[in-house]
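Chain lettering (A, B, C, D and E) follows the sequence in which the chains are written, and residue indices restart at 1 in each chain.
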Amino acid sequence: MISSLTAERLACARGDRKLFENLSFRVRAGQALAVEGANGSGKTSLLRLIAGFLPPAAGRLIVQDASGDSDDADERGKKIGWLGHHDGLKPQLTVQEQLTFWAALYRGTVNTGALAQVGLARQADLPCRYLSAGQKRRLALARLLMSNRPLWLLDEPFAALDTAGQALMAQLMALHCGQGGIIIAATHDPLGLGNESLKL
Amino acid sequence: MISSLTAERLACARGDRKLFENLSFRVRAGQALAVEGANGSGKTSLLRLIAGFLPPAAGRLIVQDASGDSDDADERGKKIGWLGHHDGLKPQLTVQEQLTFWAALYRGTVNTGALAQVGLARQADLPCRYLSAGQKRRLALARLLMSNRPLWLLDEPFAALDTAGQALMAQLMALHCGQGGIIIAATHDPLGLGNESLKL
Amino acid sequence: MNWLFRYANPHNFMRLSNVLLPITVVATVLCLGVGLYLGFTAPPDYQQGRTVLIMFIHVPAVTVAELAYGAIVVCSLLSIVWRHPLSDIAGRAAAPLGAMFTVLGMITGALWGRPMWGTFWAWDPRLTSFLLLLFLYIGYMALWNAIEDEVRAARAAAMLALVGAVNIPIIKFSVEWWSSLHQGESIVSGKLAPVFLAPLLIMMLGYALLFASLWMLRIRTVILERRARSLMQRSAA
Amino acid sequence: MSPFLTLLARDIRLASRSGGSAFLALSFFALVATLVPLGVGADLRLLARVGGGVLWVGAVLAALLSLDRLFQGDFEDGSLDLIALSPLPLELTALAKMLAHWLSTGAALTLLSPLLALLFNLTPAATLTLFLSLLLGTPAVSAVGAIGASLTLSLKRGGLILPLIILPLLSPAVIFGAGAVSLTLDRLAPGGALGLLAAFSAGAVLLSPFAAAASVRLNLGG
Amino acid sequence: MSPFLTLLARDIRLASRSGGSAFLALSFFALVATLVPLGVGADLRLLARVGGGVLWVGAVLAALLSLDRLFQGDFEDGSLDLIALSPLPLELTALAKMLAHWLSTGAALTLLSPLLALLFNLTPAATLTLFLSLLLGTPAVSAVGAIGASLTLSLKRGGLILPLIILPLLSPAVIFGAGAVSLTLDRLAPGGALGLLAAFSAGAVLLSPFAAAASVRLNLGG
């Protein structure tokens, strides 16, 4: 568990363009932060920066937990549950195979309930190429649940989901916060978690 | 100009699964139809069927215009303006180059105003790889305008657009209908055109 | 290293090269002029006749061609270890020059080979490894051009150059090992008389200066291109 | 400009922008022509005997390298949908793409071949025959290749399957082309072999646009 | 299963599902090995002399065919992001992918080589040397290839540049490998060449995971 994530005067550059500077915020356990902004304002870039894929041009990110403060990107990465633009699914593998693989890689438990939870129980043995955009998104969500990480980074979590899917997503996000997790989500829609929001 | 598009007892199959059957509807000049439905219900498939990419498993599609009725898919294709899931843009080419190419291919006019209309005038000489997801969508919209086709097929037209972009999209759709065009759009959000909607 | 880094800033480099460039250009012209004159007035070689003249063009070209790869390797190290922006640019700028000198060396060698060996090309170890060097240049340039994001392209190309640097001795060794298996043509390796040595050395200096001048010129071009592009991006965003 | 020329120009521009297809194909061709002597040994007489065959196979492989993206790029990013709805018939689309591929690979490879013939110590006459045979034969590579590319356009790993589909179909081109070079080395007239090669090429180029268009149509439905 | 083995097993499964990388690489190898004799002519003594070199080059090209997707597939669909956040270090990720590639191409090609040696009329001793040299040398192809694949993982047309980058680096493997076969044909001991080949392979396999991991990290930032 993480007790807080703090950004101190972060700056991010792509190519030789500065996207944002002097960005500071703090998210505590149980809280969610919505990252908002126009197209191209750097929402995705901020998430990649937090995940440690992109080095910050300036500033620091600090994770505080029981063992103290740390600004090590590798260590932070091991606490992150990631739901990106892309789903990371292989068309050739079945729904169940994917989940088993990721569970083994993440040393997670293959929670057979996870599929039911996201409404894919009937599709367990279907290769992913037969899933529609929204169904793939649900599978990615199941992987996120199973990875069992405290800090969720979500890039447009509601994209491609139908109304029922969006409700499910919102419910699972509330559950995660309720259990003391942290969520940072780039989104155009309100999260509906009583969360704070950050404008880029 | 088209005076109406009529679907008669359409059916669509993907692989060996029936997606929908007995689907009938009629859209008249100046009208819009919103296609709604859960993930995987076949919205995209319906649009591809109308475009003539996918042959219907049963039923007919009839276009009525000044020269009479026709159910020829090729002929129908020449009346269609397409905005799909994918933007059909090349990262290496500049915004202007893309538009010029498509204008020449579609025998459209390179309307220099089109770029300004979608808010990309300043980006004209930028290679598309530097555009964010939303900016690419705007460029695709400019192409749609320039193609000058009466029947618009739009797959999730609001996806990836920020608030301003969504307003622009809605406005251009209203304009198209106002000029006697037809719109069929797969969407999770309301179109806001006083349109009818079709549940899959 | 401090002095180096001071001038390794693109802005300072533009100023410095503005001063240096005229000097090196004049020196290049002088050296090449004197070297060629001495070369042309040297007596014909008893073995090679007048074709010995090609030596003054060929040998410096191949030497500079090999040196240029060394320059790229050094730039790559600087770029990976110290992440210095100018070293990226310098590496990128050196590659086409290196390739150009390599091609020049091959053309002059081939033209020389025709009268000397009776063939334009032979699979001699030196020639073979030189050909592979050309491919290393081409691969390096292709990678630079293919990756659109500049920062990423620079790091990737630098890594490739370093991997190549590890491999070059192995390639050279393997090619020699390979050819010693079969018969090989032997290159005339006689000791040079001073009448030949002096112009050769002057020509070498001239080629080195030529490379330095062109290199600076290319670095300037790349810097300016970059500025133009980032201006364009910034104005459009 | 007509839609056909527009598409041709755009495909050539795309090929030249992304690192230069022609340049990459040429380099690959030259690399293969270098690696084979490294494997075979430096015996110049031996190299001359195998030169025609190796260079022909090398040229086919080099042309193949960029073939899998012929339709795939446009398919994946949705451009093919838009092209299909444009006034340009799919047959002409296929022809334009084939021509763009030939110009940026086959034609370039043909121009480079005399230089590589030097590496294999081919006689001037054999070099000329090699040049002519590539000039006549590489259009067949692009044409047969376009059929293969259209069949595999929806496959992520199309590049893997493509050679399997088209190499067997192209074996006549290799046989006639390299055969012509061998004949020349033996001081025989290569005219017959070259004639057969030209006929093969012409047939392939005539058939290919229709086959490729049919297969694109099929894939758009998928 | 450990994360390393999990990833290895999944990559092998993916390779076998998508048309079977191993099968495709084998077919390509066999096709090239068939085309060259078609081009070169049926002189058996000639074929035996060039057999080692041609088969080695063919094996390298066949292994190269599926190399560009080594990291690219996972990069494009976002899997690589997720793998990077998993407990498995990127160095081991690279090693697992390299190993999966070798098992599904290099190892398979090695097993097939004695059959193709028949086509080239190689002696039994030369066939054995060819087999051993491929066994020792193909790991270097996968290892050097993994570096190249990681450098080009973000490129849509990575498959075009990859050969250009790695073939020159692999020339020692071709020289030692084919050289060993030539030595055997000349009734000399191939031990020295095989030893050098093994050393080259070992060096490449040791260096590659670190270089590839560094380059993957670089690309994730992009």
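By definition in this document, contacts are C-beta pairs under 8 Å (C-beta built on N, C-alpha and C of every residue); 3 or more make two chains touch, one makes a residue touch a chain.
Fair warning: this is a prediction, and the values are worked out from it, not measured in the lab.
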Fill in: Graph distance between subunit A and subunit D, where chains that touch are linked
2
Practice prompt. Specify the angle of rotation obtained when superposing subunit D on subunit E by their C-alpha atoms, rounded to a multiple of 5 degrees.
Written response: 180
Discussion item. Counting C-beta pairs in contact, which two chains come out on top?
Written reply: D-E
Practice prompt. Report, in whole Å, the distance between the mean C-alpha point of subunit C and the mean C-alpha point of subunit D.
Written response: 33
Worksheet item: Per the centroid of Cα atoms for each chain, what is the distance between subunit D and subunit E, given in Å?
Response: 24
Fill in: subunit B-subunit D separation of Cα centroids, rounded to whole Å
37
Worksheet, complete the sentence: Per the C-alpha means, the centres of subunit B and subunit E lie apart by a whole-Å value of 46
Fill in: Multi-chain contact sites of subunit C, meaning residues that touch two or more partners
132, 135, 138-139, 142, 146, 149, 151, 175, 178, 181, 233, 237
Worksheet item: For subunit B, what residues touch not just one other chain but two or more?
Response: 85, 92, 130
Fill in: Where subunit E touches two or more other chains at once, by residue number
18, 73, 155, 157, 161, 164, 167-168, 171, 175, 182, 221
Discussion item. Looking at the complex, which residues from subunit A come into contact with subunit E?
Written reply: 48, 51, 53-55, 77-78, 80, 82, 84-90, 92-93, 97, 101-102, 104-107, 143
Worksheet item: What does subunit C use to touch subunit B in their complex?
Response: 148, 232-233, 235-237
Discussion item. With touch defined as at the start, can you tell me which subunit C residues reach subunit E in the complex?
Written reply: 132, 135-136, 138-139, 142-143, 146-147, 149, 151-152, 155-156, 159-160, 163-164, 166-167, 170-171, 173-175, 177-178, 181
Worksheet, complete the sentence: The subunit A residues in contact with subunit B across the complex are 15, 37-41, 85, 130-135, 137-138, 159-165, 188
Worksheet item: Mind pulling up the subunit D residues that touch subunit B in the complex?
Response: 1, 3, 6-7, 10, 13-14, 17-18, 73-74, 76-79, 81-88, 220-221
